[in-house]
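By written order: A, B and C. Residues from 1 in each chain.
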Amino acid sequence: MVEKSWRPRIVAFLCRWCGYAGADLAGVSRMKYPEIYPIRVNCSGSVHPELILDAFRKGADGVLICGCHTPNDCHYISGNYKALKRVALVKKLLSQLGINQERVRLEWISAAEGRKFSRVVKEFYEKIRELGPLEVRV
Amino acid sequence: MKKIAILGGASCSGCDVALFDLPGDELERFFSEVEVVFWSTTMDSRIEDFEAQGKIDLVMFHGGIRTEEHRKLLIQAREKAEILVALGSCASFGGIPGIANLFELDAILKDIYGDEFTKLSGERIPKPEERLKPISSYVEVDYYLPGCPPPVETISEFLDHFILGSLPPRGIFGKESTVCDECDRIKPEDISIEEVKRIGSKDWSEIDPKVCFLAQGVVCLGAVTRGGCKARCINANFPCRGCMGPAPNIRDQGARILSEIASLLMKESEKNLSDEEIYERVQKEIVDPVGLFYRYTLPHYWGGSNEEDD
Amino acid sequence: MKKMIKIDPVTRLEGEAKISIFMDESGKTVEDVLFQVTEFRAFEKFCIGRDVMEMPRITSAICGFCSWAHHLASVKAVDNLLGKNVPEPAEKLRELGYCAHILHSHLAHMYLLALPDFLQLKEKNVFHLMKENPSLVRDILEKRRYSYFIQEMVGGKAIHPVFAIPGGVSKSISEKERVKIEEMSRELVDFSKKSIEVFMEATLKFRENDPYYHETHYMSLVKNGKLNFYSGKIRVVNTEGKKIHEFSPEEYSDYIGEVVKDWSYTKFPYLREMGWKGLTWGKESGIFRVGPLARMNVCERMETEGAQWEYERFIEEMGKPCHNTMAFHWARAIEILYASEKMLELSREEDIVDSKEIFDPDGELRGRGVGALEAPRGTLYHDYEVDEEGRVTFVNLIVPTTENNPSICISVKKGAEELLSNGKRIDRNILNKIEVAFRAYDPCLACSTHNLDQSIRVEIFHGSELVKTL
C-alpha cells in the first residue's frame, strides 16, 4: 500500500512556444493544478529519449511532455512529430523494461490552452498516484 | 617476468578463443615474456592456485557477473591485479546474456528447471545473483576492451603496450570514432524510413551493399557505436548491432539510436497521417526495441524496476 | 566417515564445471561422481520476446568456441519457420564457412587443450609446449589461423559470424577470396593428414585398456549415409551398431527426452524408446553419445577420398561401433581432414563467387521452426515458436555437451573408480587423469548451460566435511 502522504514526482518537459506558455496562462489565470517539476525546453522535439529514461533513473514517477499541436503549430516545423514518434517507441521500450507505459504522457497544448494544461496535469497526477511510486535500479 | 591471469564470469569464452586468433609469432613472443598464472581454459589451474597468488600484473576478465562465485572471483581479481581489464562486451556492459535482466531470476529458474530445482540451486551449485551485471558494478576497472569478441587487432595492440609498459591513461582502450566513420557506404544527407526492413524479410533482396543501411530502412547501430572493428559486419553486408558499445560522447547508446530511428520513421509522410496512425505504425515497425537497441548493453544502463512486466 | 573429492574448476575446456567424487567410509571405493556444470546464462528464457529474424545473430553468443554452429542451426530453424528455400550458392557458402569453423574449433581443442595430455610434459599446457617445441606450436597456430581467415572472409566475423540470414546469406565472396581459400584449404588437407597420425597414436595407446570405455547408442546427422556437418537426417544406431531411428530435425522431441538433476545446471537427455534409467549404460539404457566418435559409428562412409581412407583405417583398428571413449580424439582428427577436403572441394565451385543468387525473399511466418546440424561436439538442435509478428514465444535448444552429459558423468565415474580405488594416494596427477575422461568429449559448457552460467572444481570431503581441494 502506498502511503497517503506520498506525492508523485512528475517531471514535465514544456516547449517554450506552446506547452510552457499554456502553463503560464494557467498560472496567471490562477488555475490550480498539482505540483510538478517543470523544465522549459525549446521544443518537444528536443526531449531526447535519454532524458526521459534519465528522469526515471533519477527518481521521477512520471514524465509529461507538452508540445505544439500537430500538424502545423511547431515553431521548428516538425519537432512535435519527432516527439510523437519517440514517445511511441520509448513507451514500447519502457513496457519491455517492466515500466508501465502510462508513466509517460505526451500532450499538445497551445499557448491559449491554460485550462487544458491544468486538466492534463490533474489527470496525469491522479494516474501516477494510482500507479504508485516507481523504483528504478541503476 | 610479468604475471598474467585470464578469468571469466558469465561468458561464452569467445574472448578466450579470440586470444588464440592472434598471429602465431605474436602469441609466441607474448607468452615468452609473461608467465600465465591462471587460465583454466588452457591450463590446469585451480581456484586455489589463483588464491595463492600475490600481485598479478595483468588480469583480464571476460563475461559478466551472474553468480555469487563470479562475484567473489572478481573481487579477488581486483585485489591481486595491478591492471584489471574488462575483456569484451560482456565484462564491459553485460553483453547479450544481460538481456536476461528483463526477467526475474525466479521466473528464469522455474521456467527452465522447474520448482524443485529452484529450491535447491545455490546449495550444490553456485547461487545465481538476481541480475547480471558488468564487472564495473563491483570493482574499479582499469581498461575496457569492448567488442564481441574484441577485434584481434585491438587485443594485439593492447598486449604490445602492456609488454612495453606504454599503456595510455585508463579507460576504454579503443578508437575515438564511430562505426559510421569506418564504413565506406554512401550516406545520403536526407533519410526517411517509411518501412523498416527486417533481416531476411521480403524486401531484403533490394538492399544495395554500397548504400547506408539506414537510408535503405534497415536498422543499423553504426552511428552510435564505437569504431575499431573496421565495420566488419557492415562490410559483410550485415548492419551493425552495437557490440563495441557506445561511441565516444554518447551517453546512452540504445536511447540514442532509438531516438534517431524514431525521427527518421515516416519523416516524409508524417504530415499526412493522423497522430494515432503514426503512433501505431512506429510501434509496429520496431518489433523488439530492447533486443535491437540494447543487445549488448542492457545491464550497463538499466538495473530493473519494481514494476511487473506488462 | 565418507570422503568427497572435488575438482574445481575442471580445466582445459570451454566453460565452468566441477567434479565431486564421493568415496565410501574406508576411502577406498568410489560411491558416486558428479560432473557438475555450474554455468548459468538463461538463453532459453531471454530469447523469448526477441525478433526471430535476429535470432541467428543473438544465439551465436551461446558459445564462443562453436559460435558458427549456433549461428547456422539458428538460421536453419528460422529458414524452416518461414518456409524459405535457400538457394544452392548460399548453401554452399554456409557449408564452406562451416567447414572452416569445424577446423577452428577442432584444432583449438586438439592442440591447445588436449594434446598436452598425450605428451611427456612437466606442465600439461600449451605454454609449456611452446617452450619445448616452439616450431610445432608455431605451425599449429599458423594453420589454425587459416581457419580464422576463412571464417572472416565468408562470415564477416570469425567468432560470432553474421552472414547467415533467414533465406540465405548476406554476401558471397570475391574471386580473390576464393583463390585464397582454395590455397589455404590445400595446405590444411596436408596438415590434417599429419595431425591424424599424432592423435591415432595417442588413441591406440588406450585401445586395450580404455578406462573410460562404455557402450552406448550414438546419434549423428547423415546425408545419404555419409558424414555431413551441415545438413541431412538424424540417425541413431544402438550399442551394436544397428540403425534404430532415422528422422527429420522437426521430429526430435518424439525421440529425445530430457531430465533435470538438482546438482547441475545441465539437463540429461535420453532416447525415449529406452527411457531414462539413471546413469547406466548398455543396450537397455536410453543414454546416447554424440560428437566425432558418434559420427564415425553412425555414418556409412566419408564423402571425400582421403577421409574415407582414414575412416576405413579407423574401423579396422577400432571396430564398429567403437565404444572407446579415447577414440574421440582420433575421430576428431579424421574430421578435420574431411572438413579440409570438403572445403577444398567447395572452394572450387564457381557459383559462390560474386553470386547474385544467395537469398530467397519469399516465405511466410509459420508457428514453429527447427534447425539441426552437427556442431563440432555433436548434434545441435534449435527449436523456436513465434507469434504472428515474428516475436519468439518459445525456445528449446538441445546442445551436444548436454547430450553427452550423462556419458561424461559415467566416463568420469569409471575413470575415478579405476584410478582411486584401493586407497591410492590422491594427487593432482591422478585428478588430471580423471579430467582426461571428459576432455575426450571436448565438452563445451557455455553451450550446455545456455541456461545458467557455471565453473569446474576438486574438493575432498570427509563425511560432509571438506578435507581437501585440488
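Going forward, a residue touches a chain if its C-beta (ideal position, glycine included) is under 8 Å from a C-beta of that chain, and two chains touch if they have at least 3 such contacts.
Predicted model only: the values in this text are computed from it and were never measured.
J.: Line, ring, star, complete or other: which describes how these chains touch one another?
T.: If you draw each chain as a dot and join those that touch, you get an open line.
J.: With contacts counted as defined, which of the two, B-C or A-B, has more C-beta pairs across the interface?
T.: Higher C-beta contact count between the two pairs: B-C.
J.: Counting in whole Å, what is the centre-to-centre distance of chain A and chain C, each centre being its mean C-alpha position?
T.: Going by mean C-alpha positions, chain A sits 54 Å from chain C.
J.: If you average the CA atoms of chain B and of chain C, how far apart do the two points sit, in angstrom?
T.: 25
J.: Take the average of all CA coordinates in chain A, do the same for chain B, and state the distance between these two points in whole angstrom.
T.: Whole-Å distance between the two chain centres: 33.
J.: Touching at least two other chains at once: which residues of chain A meet that condition?
T.: 96
J.: Where in chain B do residues touch two or more other chains at once?
T.: 102, 288, 290, in rising order.
J.: Find every residue in chain C that makes contact with two or more other chains and list them.
T.: Correct list: 49.
J.: Which positions of chain A touch chain B when the two form their complex?
T.: Residue list for chain A touching chain B: 48-50, 53-54, 56, 70-72, 78, 81-82, 84-86, 88-93, 95-101, 133-138.
J.: Under the touch definition given earlier, write down the residues of chain B that touch chain C in their complex.
T.: These residues of chain B touch chain C: 8-18, 20-21, 23-25, 27-28, 31-32, 36, 40-48, 63, 66-67, 69-70, 95-97, 99-100, 102-103, 107-109, 111-114, 116-117, 120-121, 124-126, 128, 132, 148-149, 198-205, 209, 232-233, 235-238, 241, 243, 284, 287-288, 290-292, 295.
J.: Tell me, which parts of chain B touch chain A in their complex?
T.: Checking each residue of chain B against chain A gives 102, 131, 251-252, 254-256, 258-259, 261-263, 265-267, 270-271, 275, 278-280, 282-283, 286, 288-290, 293, 301-310.
J.: Could you please specify the touching residues of chain C with respect to chain B in the complex?
T.: Residues 7-9, 11-16, 36, 38-46, 49-51, 53-54, 57-58, 61-65, 67, 78, 82, 84, 108, 112-113, 123-127, 130-131, 134, 137-142, 144-145, 148, 152, 155-160, 162-163, 165-168, 170-171, 260, 262-265, 359, 361-363, 389-391, 428, 432, 435, 446, 451-458, 469-470.
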